[in-house]
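Here the chain labels run A, B, C and D in written order, and each chain numbers its own residues starting at 1.
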Amino acid sequence: MIEAGIIGGTGYTGLELIRLLLMHPKVKISVVTSRRYKGKKVSDVNPHLSPFIELDYEDVDTKAIADRSDIVFAAVPHGSAMKYVPELMERGTRVIDLSADYRLKREEYERVYKREHTDREERDAVYGLTELHPEVADAALVANPGCYPTGAILAVAPLVKEVSPYRACRVVGQSPTIVKQVVFDSKSGISGGGVEPSEVSHFPNLAENIIPYEVTTHRHVAEMRRELPVPISFTPHVIPSIRGILTTAHVFLNEGELKTYEELDAIYRQFYQSKRFIRLMKGMPSLSSVRGTNFCDIRVEIEKESDRIVVISTIDNLVKGGSGQAIQNMNLMLGLDEGEGLMFPGLAP
Amino acid sequence: MIEAGIIGGTGYTGLELIRLLLMHPKVKISVVTSRRYKGKKVSDVNPHLSPFIELDYEDVDTKAIADRSDIVFAAVPHGSAMKYVPELMERGTRVIDLSADYRLKREEYERVYKREHTDREERDAVYGLTELHPEVADAALVANPGCYPTGAILAVAPLVKEVSPYRACRVVGQSPTIVKQVVFDSKSGISGGGVEPSEVSHFPNLAENIIPYEVTTHRHVAEMRRELPVPISFTPHVIPSIRGILTTAHVFLNEGELKTYEELDAIYRQFYQSKRFIRLMKGMPSLSSVRGTNFCDIRVEIEKESDRIVVISTIDNLVKGGSGQAIQNMNLMLGLDEGEGLMFPGLAP
Amino acid sequence: MIEAGIIGGTGYTGLELIRLLLMHPKVKISVVTSRRYKGKKVSDVNPHLSPFIELDYEDVDTKAIADRSDIVFAAVPHGSAMKYVPELMERGTRVIDLSADYRLKREEYERVYKREHTDREERDAVYGLTELHPEVADAALVANPGCYPTGAILAVAPLVKEVSPYRACRVVGQSPTIVKQVVFDSKSGISGGGVEPSEVSHFPNLAENIIPYEVTTHRHVAEMRRELPVPISFTPHVIPSIRGILTTAHVFLNEGELKTYEELDAIYRQFYQSKRFIRLMKGMPSLSSVRGTNFCDIRVEIEKESDRIVVISTIDNLVKGGSGQAIQNMNLMLGLDEGEGLMFPGLAP
Amino acid sequence: MIEAGIIGGTGYTGLELIRLLLMHPKVKISVVTSRRYKGKKVSDVNPHLSPFIELDYEDVDTKAIADRSDIVFAAVPHGSAMKYVPELMERGTRVIDLSADYRLKREEYERVYKREHTDREERDAVYGLTELHPEVADAALVANPGCYPTGAILAVAPLVKEVSPYRACRVVGQSPTIVKQVVFDSKSGISGGGVEPSEVSHFPNLAENIIPYEVTTHRHVAEMRRELPVPISFTPHVIPSIRGILTTAHVFLNEGELKTYEELDAIYRQFYQSKRFIRLMKGMPSLSSVRGTNFCDIRVEIEKESDRIVVISTIDNLVKGGSGQAIQNMNLMLGLDEGEGLMFPGLAP
């Protein structure tokens, strides 16, 4: 069995890693850390994990974790991961970082996240949007994407040539891109906001409501723009749901570029032909179909007499938008089947 | 215009007092206090009140409040009201206390609330369950009932003779009571838990859930037992709704006491005949019918071949279960029509 | 008292008309129709209206309604209103039609709604978006706007010169418009879908979900385009809430037209300066602040280093997006104060 | 691989059987029926099942199903199962019936369900509450319990001697039972009401509400009374959640029978000691901990100075309260490990 360590096992991302790894046939969780709960049984703090995990929470000891783990997931907040990653990597442990700390180049990171990046190495992390970056297989460090970028980028990647500096993907069409402008209007369940109660997560504030926030300033747009070299606008909202992100991508095409639905459909089918976690939908994607799963459901629609197409994508923000994609990356890194432990239907209804 | 002061104007109870008093044709709000927001416009902190209130929040100055108010509502937590009430009363100001501080006799209060009662006077507050205590009209101090007791007591009061030590109500039947045992199983919206985010009010914890709490120990049972001298059990739950309390009263009758539906219905109709905020329902009471209103909807059903009857009551916990009933009491205290400012339909759906 | 008739009193729009008119100090409801419930007490079918309305539902008899009403609201589905409006108008009764039947010119209506318009007269209805069309005051027939258009048009009207063919509003700026492209991404509570259960309104389908629909084909875009002569895209979604529409307007400006926040704010304040139902917000608009009210809350934000501004608007779809605006129009038509019966705070939380 | 057939594959129970069986390592679904969707791909009608099931829906052909299946699940409504069961059994196929058709003796069934039982055989079905009826292992026909009875019976079974006519369980204590009276007050997610939209499942009716129904007349009480020979009252409510049943059991004990918490805890631990799907909780059971799983979480609490104890149980109504328990029964019938395919953590949050 492969031994996987989890740094940060009390947030939703960490708990979802545990839930999913417990169903993984080839991985055993070696250690789970929590400062707050160290010494307590993981399943006492989180009764939904009983009786599946026998471990106690431990304090973070990077050396001990490295010794006991073939691979380590960092599921701590932005700014904390960069404290642990250097030592883990020096000890030769491969790391999947679910925070934002290694998603952007240093300068861009410091500008966007408004904090110093304290890791003095330039680590060349691979951006772990698995469908677009198969080179994660060889990575020592994977920067797992943000939840919003996952749903947004997957929705329009097939329309944009030379998807990223990595040029990792098959490209489509002759022109650099047929896309003139993209507006991502995203709607997320509140679990993306984390396990700590807040004004926004307070039930009387969120129920019967929908809350736009950081409507022109959300940091995730930096990841989107890096992967998709076209003009991008992004506005997130929180909806009164626990899980899931639905992204409505309003895509304006360059003049004369408008495709028929058949052409468009073909572009998407070709682009995602071997990608088992992308489901191209005839009907409307739904948060309920992807609930608890690693799937990203996508549907494209052309507006008549217009230069707009609308792409709808849905993911579970904690799975494909977080811990599931991290495990998908882990599978590739370890030479396992990409879907190992992740192929099961969603919890609908 | 009557001048009403509100001590504690940032909690849900205080805000609901403001909302309702703003619609009251004969009352003007003279002062609203908040330590946290003093100096800020009430309507800047609470945009739903714009442009209806011009006041700024003020710090609590009991003397100034008494000077400027014909009546004062104390909408502060248990333990705080007792700090302000004595001085207000000494200045001759009538007070409606929405906290628990004056609902029980001193010893019982100290036993149930596990704190010292610092008001050295025995103030003889009237328990402001308006339908059962018309003597609020003459009260200098009204102890406004808890939200759960309001819905629970109203549901079974017609079945219990000599409703309370106050003997304020018409009694029914010859025997002291036909009731052997009552189980109140109550389901409340989360706004009863207050404006501060908490584990229970955290959306991912409450949505798709129902949370029982203090299942054998909730303090509100003391009010119920005082008003209803029959064996009472009480278990509260929080449901994923903002407002409302639905109480399911499982009432076991003494042998031979079982009435026909017609008799039972007659008892309820007679008991509540002139009570305009009690609606006896043919159909099932609903939180949506009472949303935003001072109504208590009640329905009685007899179980065949059993000694159980089931009474369902619904209220809006912030209105009839709090601020609305406080205003109903105020109306009586001031010689106004009981329904002044409170007679409007619920926000359904 | 003014006598108002309601054709169609069982749908959410009709019920909301009743709820609001019952609080109106100068209007009395003269008749409410329902084929299904004729002969039944309105308050038996809708217990939240008890004891406020004594009327029974009646069958539709246009002549009788005209005789007994100074003004009539048609709250029936598209295609039905056109059956009743001609006879009402011939009898000299002023009508406010809440359906789509008179919102568009005949040809456009027939193209968009894919049905014949059976009223052979060209009635010259005034489009009842009250803030933009004060000429409703003199109208014999008002076409009350759709719920989505109300929130969307109000959000960007101040940015678009010559708001409509009616030229009813003050205009701002010298250029015809500073707007290059608008994307309205709207999120609506499910009450907009009506009182009849459906797949979309089925709780297990909608809870924990958000449902895009008619993402490039919703008929309401026709109203938006008529009022706002700029390129408009519109995509609606249903959120798991009962009431409310939040519209996120992504507005792209022509080059060199970008204003500072101060300029933008000034444009909005000037445009809406005497409009009491428009609240320009410092904080984020919320469905809870407008719940049950006729307000439209609006907030503008400029994206840095971009040509996009984002305007967020919120309304209660059944009030400002329907019955409340209808009553606002009625007030103007009858020479009453515009806010009569409509000035009260929202039901928050 | 074992071949399992499903009659009725479009309701929530049938779909949940498919979801769970697709994760079962030793079972293959051989056939799924639907009159409405025959000929359509199961995964086209239910996209959350894509790409896991390749089958098309078929019409019901009892003979063909029997030929192709080692075991058959009947997931059709009450009254329909009895049409298919006889022929399946005559062909020697073992059947698990998820409807109510075989849960009660014929006379009781006809009285409770108010319909004729058309199966003229007395089939001696085993009541499939697995923890209490290990004799399902040898059954030819299992009557899978109702969702409410599962949560209710499991909550108090340890307190009641001679649990059922089957006397299948270890009994506790000397007296026949220490229980005087039980009130089951149950709160269910709406998925228990089925896949068809209805008044109760209409989002505006259920959201922000809780709906009691059949408060003294629900048919499931018959199952409870058969299994638990003590006085039982039962009142169900629908809460605004998709999945889950929380049952609050108010248990009144005979005088002098009250146990300490330690004794009570010991009774429960002994009774359920080898039952892996029963989790006895230190904290409060939650619908979120059992979401999607076959667990029943139980917590007992003693009221001080009272003869009441309160037992809280939670299940996922579609899993332990339906399809999961059916598979648990199937495992025993087929000699598999009881937990095969069912041991995974709940989808929390």
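Rule of thumb we're sticking to: contacts are C-beta pairs under 8 Å (C-beta built on N, C-alpha and C of every residue); 3 or more make two chains touch, one makes a residue touch a chain.
All figures in this text were calculated on a predicted structure; none of them were measured in a lab.
For the pair subunit C and subunit D, chains touching both partners: A, B. In this structure, the chain pairs B-C and A-B differ in their number of contacting C-beta pairs, and the larger number is found at B-C. The greatest centre-to-centre distance from subunit C, using averaged C-alpha positions, is reached by D.
Per-chain Cα centroids separate subunit A from subunit C by 39 Å.
Between the Cα centres of subunit B and subunit C there is a gap of 37 Å. With each centre defined as the average position of its C-alpha atoms, the distance from subunit A to subunit B rounds to 47 Å. Looking at subunit D, one finds that residues 12, 191, 204, 207-208, 240-243, 286, 288, 291, 349 touch two or more other chains.
Partner subunit C is touched in their complex by these residues of subunit B: 12, 15, 18-19, 22-23, 44, 46-52, 191, 207-208, 242-243, 276, 279, 281-283, 286, 288-292, 297, 343-349.
Only residues 12, 190-191, 195-199, 201-204, 206-208, 240-242 of subunit D touch subunit C when the two sit together in their complex.
Taken in their complex, subunit B has these residues touching subunit D: 181, 183, 185, 187, 189, 204-205, 207-213, 215-217, 233, 235, 237, 239-244, 246, 248, 250, 252, 284, 286-288, 291, 301-304, 306, 308, 310, 312, 349.
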